[in-house]
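Before I ask anything, let me first share the structure, which is written out below as C-alpha coordinates.
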Amino acid sequence: MKISARNVLPGKVAAIHKGPVTTEVTLELAPGLQIVSTITTHSAEALGLKEGAQAFGVIKASNVMLAVDE
Amino acid sequence: MKISARNVLPGKVAAIHKGPVTTEVTLELAPGLQIVSTITTHSAEALGLKEGAQAFGVIKASNVMLAVDE
Amino acid sequence: MKISARNVLPGKVAAIHKGPVTTEVTLELAPGLQIVSTITTHSAEALGLKEGAQAFGVIKASNVMLAVDE
Amino acid sequence: MKISARNVLPGKVAAIHKGPVTTEVTLELAPGLQIVSTITTHSAEALGLKEGAQAFGVIKASNVMLAVDE
Amino acid sequence: MKISARNVLPGKVAAIHKGPVTTEVTLELAPGLQIVSTITTHSAEALGLKEGAQAFGVIKASNVMLAVDE
Amino acid sequence: MKISARNVLPGKVAAIHKGPVTTEVTLELAPGLQIVSTITTHSAEALGLKEGAQAFGVIKASNVMLAVDE
(Lines give C-alpha, C1' and ligand atoms only; values in the text may rest on other atoms or scores of the structure.)
Protein backbone atom coordinates (compact mmCIF):
# COMPACT_ATOMS: atom_id res chain seq x y z
CA MET A 1 0.00 0.00 0.00
CA LYS A 2 1.33 3.42 -0.98
CA ILE A 3 -0.13 6.24 1.11
CA SER A 4 -0.60 9.95 0.42
CA ALA A 5 0.93 10.90 3.78
CA ARG A 6 4.12 12.79 2.91
CA ASN A 7 5.96 11.63 6.00
CA VAL A 8 6.75 7.93 6.38
CA LEU A 9 9.73 7.79 8.73
CA PRO A 10 11.51 4.50 9.46
CA GLY A 11 12.59 3.81 13.03
CA LYS A 12 12.75 1.36 15.89
CA VAL A 13 10.23 1.09 18.72
CA ALA A 14 11.96 2.45 21.84
CA ALA A 15 9.10 2.37 24.36
CA ILE A 16 5.44 1.39 24.67
CA HIS A 17 3.12 2.74 27.37
CA LYS A 18 -0.21 0.95 27.17
CA GLY A 19 -3.46 2.40 28.54
CA PRO A 20 -6.96 0.92 28.44
CA VAL A 21 -7.92 2.68 25.17
CA THR A 22 -4.87 4.68 24.10
CA THR A 23 -1.24 3.56 23.84
CA GLU A 24 1.77 5.83 23.62
CA VAL A 25 4.66 4.60 21.49
CA THR A 26 8.14 6.13 21.22
CA LEU A 27 9.96 5.54 17.95
CA GLU A 28 13.68 6.19 17.50
CA LEU A 29 14.38 7.57 14.02
CA ALA A 30 18.09 8.05 14.56
CA PRO A 31 20.39 8.22 17.60
CA GLY A 32 19.00 11.04 19.73
CA LEU A 33 15.99 11.64 17.44
CA GLN A 34 12.73 10.21 18.73
CA ILE A 35 9.08 10.79 17.90
CA VAL A 36 6.09 9.97 20.07
CA SER A 37 2.78 8.61 18.78
CA THR A 38 -0.54 7.87 20.41
CA ILE A 39 -2.70 5.23 18.76
CA THR A 40 -5.47 2.98 19.99
CA THR A 41 -4.35 0.09 22.17
CA HIS A 42 -6.23 -2.10 19.73
CA SER A 43 -3.97 -0.94 16.89
CA ALA A 44 -0.81 -1.32 18.94
CA GLU A 45 -1.76 -4.93 19.52
CA ALA A 46 -2.93 -5.54 15.96
CA LEU A 47 0.43 -4.31 14.63
CA GLY A 48 2.25 -6.51 17.14
CA LEU A 49 4.46 -3.61 18.22
CA LYS A 50 7.31 -4.60 20.51
CA GLU A 51 10.32 -2.70 21.83
CA GLY A 52 13.19 -3.02 19.40
CA ALA A 53 10.98 -3.79 16.40
CA GLN A 54 11.17 -1.85 13.14
CA ALA A 55 8.25 0.48 12.48
CA PHE A 56 7.38 3.63 10.58
CA GLY A 57 5.99 6.89 11.87
CA VAL A 58 3.37 8.14 9.39
CA ILE A 59 2.29 11.79 9.46
CA LYS A 60 0.04 13.75 7.08
CA ALA A 61 1.75 16.98 6.02
CA SER A 62 -1.23 19.07 7.17
CA ASN A 63 -0.53 17.87 10.72
CA VAL A 64 3.02 19.23 10.79
CA MET A 65 3.40 22.75 12.15
CA LEU A 66 6.55 24.81 11.93
CA ALA A 67 8.21 27.01 14.51
CA VAL A 68 11.22 29.31 14.68
CA ASP A 69 13.26 30.65 17.54
CA GLU A 70 12.43 34.24 18.36
CA MET B 1 6.78 29.11 25.06
CA LYS B 2 6.83 25.44 25.99
CA ILE B 3 4.25 23.38 24.09
CA SER B 4 2.47 20.11 24.89
CA ALA B 5 3.25 18.71 21.44
CA ARG B 6 5.56 15.77 22.05
CA ASN B 7 7.43 16.21 18.80
CA VAL B 8 9.51 19.35 18.27
CA LEU B 9 12.11 18.40 15.69
CA PRO B 10 14.92 20.80 14.73
CA GLY B 11 15.85 21.09 11.07
CA LYS B 12 16.67 23.34 8.17
CA VAL B 13 14.21 24.60 5.56
CA ALA B 14 15.00 22.72 2.34
CA ALA B 15 12.18 23.92 0.08
CA ILE B 16 9.15 26.21 0.07
CA HIS B 17 6.28 25.87 -2.40
CA LYS B 18 3.88 28.77 -1.95
CA GLY B 19 0.22 28.64 -2.99
CA PRO B 20 -2.46 31.33 -2.63
CA VAL B 21 -3.71 30.01 0.75
CA THR B 22 -1.55 26.98 1.58
CA THR B 23 2.24 26.66 1.51
CA GLU B 24 4.20 23.44 1.50
CA VAL B 25 7.51 23.47 3.36
CA THR B 26 10.17 20.74 3.34
CA LEU B 27 12.36 20.56 6.43
CA GLU B 28 15.58 18.56 6.57
CA LEU B 29 16.03 16.97 10.00
CA ALA B 30 19.24 15.13 9.16
CA PRO B 31 21.01 14.18 5.92
CA GLY B 32 18.49 12.10 3.97
CA LEU B 33 15.70 12.63 6.52
CA GLN B 34 13.09 15.21 5.50
CA ILE B 35 9.60 16.01 6.64
CA VAL B 36 6.94 17.94 4.75
CA SER B 37 4.51 20.41 6.29
CA THR B 38 1.59 22.36 4.94
CA ILE B 39 0.72 25.59 6.73
CA THR B 40 -1.10 28.73 5.70
CA THR B 41 0.82 31.03 3.39
CA HIS B 42 0.11 33.73 5.94
CA SER B 43 2.01 31.74 8.59
CA ALA B 44 4.90 30.94 6.27
CA GLU B 45 5.31 34.67 5.71
CA ALA B 46 4.78 35.61 9.35
CA LEU B 47 7.54 33.18 10.41
CA GLY B 48 9.82 34.60 7.72
CA LEU B 49 10.68 31.10 6.49
CA LYS B 50 13.48 30.98 3.93
CA GLU B 51 15.44 28.11 2.39
CA GLY B 52 18.43 27.31 4.56
CA ALA B 53 16.92 28.80 7.75
CA GLN B 54 16.67 26.86 10.99
CA ALA B 55 13.15 25.79 11.96
CA PHE B 56 11.34 23.16 13.97
CA GLY B 57 8.71 20.69 12.86
CA VAL B 58 6.04 20.46 15.58
CA ILE B 59 3.68 17.48 15.66
CA LYS B 60 1.08 16.46 18.26
CA ALA B 61 1.53 12.79 19.24
CA SER B 62 -2.10 12.01 18.38
CA ASN B 63 -1.31 12.91 14.76
CA VAL B 64 1.46 10.34 14.40
CA MET B 65 0.37 6.95 13.07
CA LEU B 66 2.53 3.86 13.06
CA ALA B 67 3.00 1.23 10.38
CA VAL B 68 4.92 -1.99 9.99
CA ASP B 69 6.05 -3.97 6.98
CA GLU B 70 3.88 -6.98 6.26
CA MET C 1 2.66 -1.87 4.87
CA LYS C 2 0.13 -2.33 7.67
CA ILE C 3 -0.91 0.94 9.30
CA SER C 4 -2.28 1.76 12.75
CA ALA C 5 -5.08 3.88 11.26
CA ARG C 6 -8.28 2.07 12.17
CA ASN C 7 -10.12 3.16 9.05
CA VAL C 8 -8.90 1.95 5.68
CA LEU C 9 -11.91 2.17 3.39
CA PRO C 10 -11.78 0.81 -0.18
CA GLY C 11 -13.42 2.85 -2.93
CA LYS C 12 -13.16 4.29 -6.40
CA VAL C 13 -11.97 7.79 -7.28
CA ALA C 14 -15.06 9.75 -8.35
CA ALA C 15 -13.60 13.24 -8.81
CA ILE C 16 -10.31 15.13 -8.57
CA HIS C 17 -10.10 18.91 -8.16
CA LYS C 18 -6.48 20.01 -8.40
CA GLY C 19 -5.17 23.25 -6.88
CA PRO C 20 -1.63 24.63 -6.87
CA VAL C 21 -0.74 23.06 -3.47
CA THR C 22 -3.84 21.18 -2.32
CA THR C 23 -5.99 18.71 -4.24
CA GLU C 24 -9.49 17.60 -3.32
CA VAL C 25 -10.38 14.00 -4.12
CA THR C 26 -13.83 12.40 -3.90
CA LEU C 27 -13.88 8.66 -3.26
CA GLU C 28 -16.99 6.52 -3.72
CA LEU C 29 -17.13 3.80 -1.07
CA ALA C 30 -20.48 2.39 -2.15
CA PRO C 31 -23.34 3.62 -4.36
CA GLY C 32 -24.45 6.90 -2.75
CA LEU C 33 -21.68 6.86 -0.13
CA GLN C 34 -18.79 9.20 -0.87
CA ILE C 35 -15.98 10.67 1.19
CA VAL C 36 -13.91 13.73 0.39
CA SER C 37 -10.19 14.05 1.06
CA THR C 38 -7.73 16.91 0.70
CA ILE C 39 -4.10 15.97 0.19
CA THR C 40 -1.13 17.75 -1.34
CA THR C 41 -1.17 18.01 -5.12
CA HIS C 42 2.27 16.43 -4.98
CA SER C 43 0.79 13.33 -3.31
CA ALA C 44 -2.15 13.15 -5.70
CA GLU C 45 0.34 13.03 -8.55
CA ALA C 46 2.75 10.65 -6.81
CA LEU C 47 -0.11 8.18 -6.23
CA GLY C 48 -1.17 8.52 -9.88
CA LEU C 49 -4.80 9.07 -8.86
CA LYS C 50 -7.25 9.06 -11.76
CA GLU C 51 -11.03 9.07 -11.91
CA GLY C 52 -12.31 5.52 -11.83
CA ALA C 53 -9.20 4.08 -10.17
CA GLN C 54 -9.33 1.99 -7.01
CA ALA C 55 -8.07 3.72 -3.88
CA PHE C 56 -8.46 3.63 -0.11
CA GLY C 57 -9.53 6.38 2.25
CA VAL C 58 -7.35 6.19 5.38
CA ILE C 59 -8.48 7.92 8.57
CA LYS C 60 -6.99 7.82 12.08
CA ALA C 61 -9.71 7.03 14.65
CA SER C 62 -8.86 10.16 16.66
CA ASN C 63 -9.93 12.23 13.65
CA VAL C 64 -13.45 10.80 13.52
CA MET C 65 -16.07 12.73 15.48
CA LEU C 66 -19.56 11.48 16.21
CA ALA C 67 -22.86 13.30 16.07
CA VAL C 68 -26.48 12.52 16.82
CA ASP C 69 -29.73 14.11 15.72
CA GLU C 70 -31.29 16.29 18.38
CA MET D 1 -26.31 23.06 12.69
CA LYS D 2 -24.66 22.67 9.30
CA ILE D 3 -20.95 21.94 9.50
CA SER D 4 -18.06 22.52 7.08
CA ALA D 5 -16.81 18.95 7.53
CA ARG D 6 -17.24 17.33 4.13
CA ASN D 7 -17.88 13.89 5.55
CA VAL D 8 -21.02 13.30 7.63
CA LEU D 9 -21.69 9.58 7.38
CA PRO D 10 -24.85 8.05 8.86
CA GLY D 11 -24.55 4.74 10.69
CA LYS D 12 -25.46 2.68 13.71
CA VAL D 13 -23.35 2.30 16.86
CA ALA D 14 -21.92 -1.23 16.79
CA ALA D 15 -19.63 -1.16 19.84
CA ILE D 16 -18.48 1.14 22.63
CA HIS D 17 -15.24 0.62 24.56
CA LYS D 18 -15.07 3.12 27.40
CA GLY D 19 -11.80 4.22 29.05
CA PRO D 20 -11.27 6.75 31.84
CA VAL D 21 -10.69 9.69 29.45
CA THR D 22 -11.02 8.30 25.93
CA THR D 23 -13.78 6.11 24.49
CA GLU D 24 -13.59 4.10 21.30
CA VAL D 25 -16.79 3.80 19.28
CA THR D 26 -17.41 1.56 16.28
CA LEU D 27 -20.02 2.77 13.81
CA GLU D 28 -21.51 0.57 11.11
CA LEU D 29 -22.12 2.57 7.92
CA ALA D 30 -23.37 -0.38 5.88
CA PRO D 31 -23.21 -4.16 6.21
CA GLY D 32 -19.50 -4.97 6.42
CA LEU D 33 -18.42 -1.30 6.41
CA GLN D 34 -17.44 0.03 9.81
CA ILE D 35 -15.51 3.06 11.00
CA VAL D 36 -13.85 3.54 14.37
CA SER D 37 -13.78 6.81 16.30
CA THR D 38 -12.09 7.88 19.51
CA ILE D 39 -13.71 10.72 21.41
CA THR D 40 -13.64 11.82 25.03
CA THR D 41 -15.62 9.66 27.42
CA HIS D 42 -17.33 12.87 28.46
CA SER D 43 -18.63 13.36 24.90
CA ALA D 44 -19.70 9.74 24.54
CA GLU D 45 -21.84 10.19 27.64
CA ALA D 46 -23.10 13.65 26.66
CA LEU D 47 -24.30 12.27 23.31
CA GLY D 48 -25.96 9.34 25.07
CA LEU D 49 -24.37 6.87 22.67
CA LYS D 50 -25.66 3.32 23.00
CA GLU D 51 -25.16 0.21 20.90
CA GLY D 52 -27.76 0.08 18.16
CA ALA D 53 -28.43 3.83 18.19
CA GLN D 54 -28.26 5.97 15.03
CA ALA D 55 -25.25 8.28 14.84
CA PHE D 56 -23.08 10.06 12.28
CA GLY D 57 -19.34 9.85 11.76
CA VAL D 58 -18.03 13.35 11.04
CA ILE D 59 -14.61 13.79 9.41
CA LYS D 60 -12.88 16.92 8.10
CA ALA D 61 -11.60 16.36 4.55
CA SER D 62 -8.06 17.37 5.55
CA ASN D 63 -7.99 14.36 7.88
CA VAL D 64 -8.65 11.83 5.12
CA MET D 65 -5.56 10.35 3.49
CA LEU D 66 -5.59 8.25 0.35
CA ALA D 67 -3.70 5.09 -0.48
CA VAL D 68 -3.33 2.80 -3.46
CA ASP D 69 -2.17 -0.77 -3.82
CA GLU D 70 1.35 -1.07 -5.14
CA MET E 1 -27.22 17.78 15.12
CA LYS E 2 -25.27 17.47 18.35
CA ILE E 3 -21.57 16.76 17.81
CA SER E 4 -18.94 15.09 19.98
CA ALA E 5 -16.47 17.95 19.38
CA ARG E 6 -15.95 19.55 22.77
CA ASN E 7 -15.39 23.01 21.35
CA VAL E 8 -18.24 24.75 19.55
CA LEU E 9 -17.46 28.45 19.79
CA PRO E 10 -19.93 31.08 18.57
CA GLY E 11 -18.58 34.07 16.66
CA LYS E 12 -18.91 36.37 13.70
CA VAL E 13 -17.10 35.98 10.37
CA ALA E 14 -14.46 38.72 10.26
CA ALA E 15 -12.62 37.84 7.04
CA ILE E 16 -12.66 35.33 4.19
CA HIS E 17 -9.66 34.63 1.96
CA LYS E 18 -10.69 32.31 -0.83
CA GLY E 19 -8.22 30.09 -2.73
CA PRO E 20 -8.91 27.60 -5.54
CA VAL E 21 -9.26 24.61 -3.15
CA THR E 22 -8.75 25.98 0.36
CA THR E 23 -10.36 29.01 2.00
CA GLU E 24 -9.15 30.75 5.13
CA VAL E 25 -11.83 32.18 7.42
CA THR E 26 -11.29 34.45 10.43
CA LEU E 27 -13.94 34.25 13.12
CA GLU E 28 -14.26 36.83 15.91
CA LEU E 29 -15.30 35.14 19.17
CA ALA E 30 -15.17 38.30 21.26
CA PRO E 31 -13.62 41.75 20.84
CA GLY E 32 -9.91 41.11 20.33
CA LEU E 33 -10.30 37.32 20.29
CA GLN E 34 -10.18 35.76 16.84
CA ILE E 35 -9.63 32.26 15.53
CA VAL E 36 -8.57 31.24 12.04
CA SER E 37 -9.90 28.22 10.16
CA THR E 38 -9.02 26.65 6.84
CA ILE E 39 -11.75 24.65 5.15
CA THR E 40 -12.40 23.66 1.56
CA THR E 41 -13.62 26.44 -0.69
CA HIS E 42 -16.50 24.13 -1.54
CA SER E 43 -17.57 24.10 2.14
CA ALA E 44 -17.18 27.85 2.54
CA GLU E 45 -19.57 28.28 -0.36
CA ALA E 46 -21.97 25.55 0.77
CA LEU E 47 -22.26 27.20 4.20
CA GLY E 48 -22.86 30.58 2.52
CA LEU E 49 -20.25 32.22 4.75
CA LYS E 50 -20.16 36.01 4.48
CA GLU E 51 -18.34 38.67 6.48
CA GLY E 52 -20.46 39.71 9.44
CA ALA E 53 -22.47 36.48 9.53
CA GLN E 54 -22.84 34.37 12.67
CA ALA E 55 -20.92 31.10 12.67
CA PHE E 56 -19.34 28.60 15.04
CA GLY E 57 -15.77 27.41 15.24
CA VAL E 58 -15.80 23.65 15.89
CA ILE E 59 -12.67 21.94 17.23
CA LYS E 60 -12.13 18.36 18.43
CA ALA E 61 -10.42 18.35 21.85
CA SER E 62 -7.63 16.10 20.57
CA ASN E 63 -6.64 18.90 18.19
CA VAL E 64 -6.07 21.45 20.94
CA MET E 65 -2.51 21.63 22.27
CA LEU E 66 -1.49 23.55 25.36
CA ALA E 67 1.52 25.76 25.98
CA VAL E 68 2.98 27.70 28.87
CA ASP E 69 5.40 30.59 29.06
CA GLU E 70 8.88 29.54 30.04
CA MET F 1 9.52 29.94 19.96
CA LYS F 2 7.12 31.35 17.39
CA ILE F 3 4.80 28.74 15.92
CA SER F 4 2.91 28.54 12.61
CA ALA F 5 -0.34 27.59 14.38
CA ARG F 6 -2.69 30.49 13.73
CA ASN F 7 -4.52 30.10 17.01
CA VAL F 8 -2.63 30.71 20.25
CA LEU F 9 -5.30 31.60 22.80
CA PRO F 10 -4.37 32.75 26.32
CA GLY F 11 -6.41 31.42 29.23
CA LYS F 12 -6.41 29.94 32.69
CA VAL F 13 -6.54 26.22 33.52
CA ALA F 14 -10.03 25.55 34.90
CA ALA F 15 -9.95 21.76 35.29
CA ILE F 16 -7.64 18.77 34.79
CA HIS F 17 -8.91 15.20 34.41
CA LYS F 18 -5.95 12.83 34.35
CA GLY F 19 -6.09 9.35 32.80
CA PRO F 20 -3.31 6.77 32.47
CA VAL F 21 -2.20 7.94 29.01
CA THR F 22 -4.48 10.85 28.09
CA THR F 23 -5.37 13.91 30.16
CA GLU F 24 -8.26 16.26 29.52
CA VAL F 25 -7.68 19.93 30.33
CA THR F 26 -10.28 22.70 30.40
CA LEU F 27 -8.98 26.20 29.69
CA GLU F 28 -11.01 29.34 30.38
CA LEU F 29 -10.36 31.96 27.71
CA ALA F 30 -12.82 34.50 29.07
CA PRO F 31 -15.73 34.40 31.52
CA GLY F 32 -18.13 31.80 30.09
CA LEU F 33 -15.78 30.84 27.23
CA GLN F 34 -13.93 27.57 27.74
CA ILE F 35 -12.07 25.20 25.48
CA VAL F 36 -11.22 21.57 26.14
CA SER F 37 -7.97 19.88 25.17
CA THR F 38 -6.73 16.32 25.35
CA ILE F 39 -2.98 15.83 25.54
CA THR F 40 -0.77 13.05 26.83
CA THR F 41 -0.58 12.76 30.59
CA HIS F 42 3.19 12.94 30.14
CA SER F 43 2.83 16.40 28.55
CA ALA F 44 0.40 17.63 31.18
CA GLU F 45 2.99 16.76 33.81
CA ALA F 46 5.94 18.10 31.82
CA LEU F 47 4.18 21.46 31.45
CA GLY F 48 3.40 21.48 35.17
CA LEU F 49 -0.25 22.33 34.48
CA LYS F 50 -2.26 23.20 37.60
CA GLU F 51 -5.74 24.62 38.07
CA GLY F 52 -5.59 28.39 38.05
CA ALA F 53 -2.34 28.58 36.09
CA GLN F 54 -1.96 30.62 32.91
CA ALA F 55 -1.71 28.60 29.72
CA PHE F 56 -2.38 28.89 26.00
CA GLY F 57 -4.59 26.79 23.78
CA VAL F 58 -2.77 26.19 20.48
CA ILE F 59 -4.74 25.07 17.42
CA LYS F 60 -3.63 24.66 13.79
CA ALA F 61 -6.07 26.45 11.47
CA SER F 62 -6.64 23.27 9.44
CA ASN F 63 -8.14 21.70 12.58
CA VAL F 64 -10.84 24.34 12.98
CA MET F 65 -14.15 23.55 11.29
CA LEU F 66 -16.98 26.03 10.84
CA ALA F 67 -20.70 25.58 11.30
CA VAL F 68 -23.81 27.68 10.84
CA ASP F 69 -27.30 27.41 12.24
CA GLU F 70 -29.76 26.02 9.75
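Going in written order, the chains are labelled A, B, C, D, E and F, and every chain counts its residues from 1.
As a working rule, a residue touches a chain if its C-beta (ideal position, glycine included) is under 8 Å from a C-beta of that chain, and two chains touch if they have at least 3 such contacts.
These numbers were taken from a predicted model, which means no experiment stands behind them.
Asks: Would you pick out the chains that touch chain D and also touch chain F?
Replies: Output, common partners of chain D and chain F: A, E.
Asks: Along touching chains only, what is the step distance from chain A to chain F?
Replies: The fewest steps needed to get from chain A to chain F is 1.
Asks: Over the chains that touch one another, what is the least number of steps taking chain B to chain C?
Replies: 1
Asks: Counting only C-alpha atoms to place each centre, which chain is farthest from chain F?
Replies: C
Asks: What's the call on chain A versus chain C, same or different interface residues, using the half cut on shared numbers?
Replies: Counting shared over all numbers used gives more than one half: same.
Asks: Pick the pair from B-F, A-F or A-C whose contact list overlaps the D-F contact list by over half.
Replies: It is A-F that reproduces the contact pattern of D-F.
Asks: Could you find the chain whose CA centre sits the greatest distance from that of chain D?
Replies: B
Asks: How big is the gap, in whole Å, between where the Cα atoms of chain C centre and where those of chain F centre?
Replies: 29
Asks: Averaged over CA atoms, how far is the centre of chain A from the centre of chain D? Could you give it in whole Å?
Replies: 23
Asks: How big is the gap, in whole Å, between where the Cα atoms of chain E centre and where those of chain F centre?
Replies: It comes to 16 Å between the two C-alpha centres.
Asks: Which residues of chain A are in contact with two or more other chains?
Replies: 1-6, 19-22, 24, 36-40, 42-44, 47, 56, 58, 60-63, 65-69
Asks: Taking the top-of-page definition of touch, could you list the pairs of chains it picks out?
Replies: Pairs flagged as touching, ordered by label: A-B, A-C, A-D, A-F, B-C, B-E, B-F, C-D, C-E, D-E, D-F, E-F.
Asks: Which part of chain A faces chain C closely enough to touch in the complex?
Replies: 1-6, 37-40, 42-44, 46-47, 56, 58, 60-62
Asks: If you look only at chain C, which of its residues touch chain D in the complex?
Replies: 5-9, 24-25, 27, 29-30, 33, 35-39, 43-44, 47-49, 53-69
Asks: For the complex, which residues does chain E have touching chain B?
Replies: 17-24, 36, 38, 62-63, 65-70
Asks: Name, in rising order, each residue of chain B that touches chain E in their complex.
Replies: Touching chain E from chain B are residues 1-5, 19-22, 40, 42, 60, 62.
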